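Encoded as structure tokens, the structure appears first; notes follow it.
Residue numbering begins at 1 within each chain, and the chains themselves are lettered A, B, C, D, E and F in the order written.
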Amino acid sequence: MISARNQLPGTVKSITLGAVMAEVVMDVGGTEVVAAITRTSVENLGIQVDDKVQAVIKATEVMIQK
Amino acid sequence: MISARNQLPGTVKSITLGAVMAEVVMDVGGTEVVAAITRTSVENLGIQVDDKVQAVIKATEVMIQK
Amino acid sequence: MISARNQLPGTVKSITLGAVMAEVVMDVGGTEVVAAITRTSVENLGIQVDDKVQAVIKATEVMIQK
Amino acid sequence: MISARNQLPGTVKSITLGAVMAEVVMDVGGTEVVAAITRTSVENLGIQVDDKVQAVIKATEVMIQK
Amino acid sequence: MISARNQLPGTVKSITLGAVMAEVVMDVGGTEVVAAITRTSVENLGIQVDDKVQAVIKATEVMIQK
Amino acid sequence: MISARNQLPGTVKSITLGAVMAEVVMDVGGTEVVAAITRTSVENLGIQVDDKVQAVIKATEVMIQK
């Protein structure tokens, strides 16, 4: 169990690989959520389109717009 | 318009105020999303329970769990 | 209005595009400020050299050196 | 020398101490910059009002608003 | 399995609770590692002194000093 | 002196350069620590394999897994 307060269930929609970083676009309840993680993490986890995953975000990284 | 790729519409459910930081819990499509922002930001934006807001998160802050 | 406490007005000096990430160098009152954002954000906002922009930073991301 | 690309010279204007976190407001070339750091860091560095300091920010933490 | 590249095994040495945030000091192979997480996370995970835990850090949050 | 609470001594094991970002893998007391920093920072600091460095991490970026 990890302390990160936000764990949003979603489905991988697309993956773009760079030399170092990768962009993973997920569908979370109809809203697009985008993660920029290392390419090695995509490979380590074997992330593929249509995978069921969770977007995990530490509370201190969340801002509010009103 | 801000470069942050993630802007999730939600409703404020609860606010806990500390001396410096505040915790704001939102409902985003049935999932709880938590933001730890400064108390002054809560006051500057006048954030209150039941407010319609957006949780804003930079893509580099999103991890994936699988 | 966003909760991020730091919003520094500046001018875009250079943009370097990678496959996933982009580096945007700004001039903020004579000091260089650098942002690493996704390439897609640069494209979505149509960021170009000489644009007047704001560098936006959450207070929890700022350290102090003394 | 640290890899953080952003090192903005400023002056401490106010310090608010909580039990765990502290908010330090700086003046950086006429613009307010706010850092939320641990209270222990404020004590370890002996940060006081009127100190000449640098606000240090990793490039991946900077967003752009246009 | 989470995409965060850094997962450092350690032991909890002390916990300081604020109203919103908590500071958890760990011993990681003889080096002190400090986490500032929400008080609620400390309570949700039941973190106590002497617990065997992992300090988890996304690669994009790590700087290098040389 | 910087406010970041975590400064872990290590040795650079490998460097992968992208157009914008770079991945630097370090050995910290037998555990692998990975930093994703800008390519320009690698060049500015002249980071090379076998360099003695410190991995620097702000406390608000550290999560706990139990």
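Structure notes:
What we mean here is this: a residue touches a chain if its C-beta (ideal position, glycine included) is under 8 Å from a C-beta of that chain, and two chains touch if they have at least 3 such contacts.
Note that the structure is predicted; figures quoted are calculated from it, not measured.
Annotation of chain A and chain D: jointly contacted by B, C, E, F, touch as defined at the top. Steps from chain C to chain D, taking the shortest chain of touch contacts, total 1.
With every chain reduced to the mean of its CA atoms, the largest distance from chain F is reached by B.
For chain A, the chain with the farthest CA centroid is D. Computed from the mean C-alpha positions, the centre of chain A lies at a distance of 22 Å from the centre of chain C. Centre to centre, using the average C-alpha position, chain D and chain F are separated by 21 Å.
If each chain is reduced to the centroid of its CA atoms, chain A and chain B end up 17 Å from each other.
The residues of chain F that reach two or more other chains are 1-5, 18-21, 23, 34-38, 40-41, 45, 56, 58-61, 63-66, listed in rising order.
Chains that are in contact with each other form these pairs: A-B, A-C, A-E, A-F, B-C, B-D, B-E, C-D, C-F, D-E, D-F, E-F. For chain D in complex with chain E, the touching residues are 1-4, 18-21, 38, 40, 58, 60. Listed in rising order, the residues of chain D touching chain F in the complex are 1-5, 35-38, 40-42, 44-45, 56, 58-60. Across the interface of their complex, chain D is touched by residues 16-23, 34, 36, 60-61, 63-66 of chain E.
Across the complex, chain D is touched by residues 4-9, 23-24, 26, 28-37, 41, 45-47, 51-66 of chain C.
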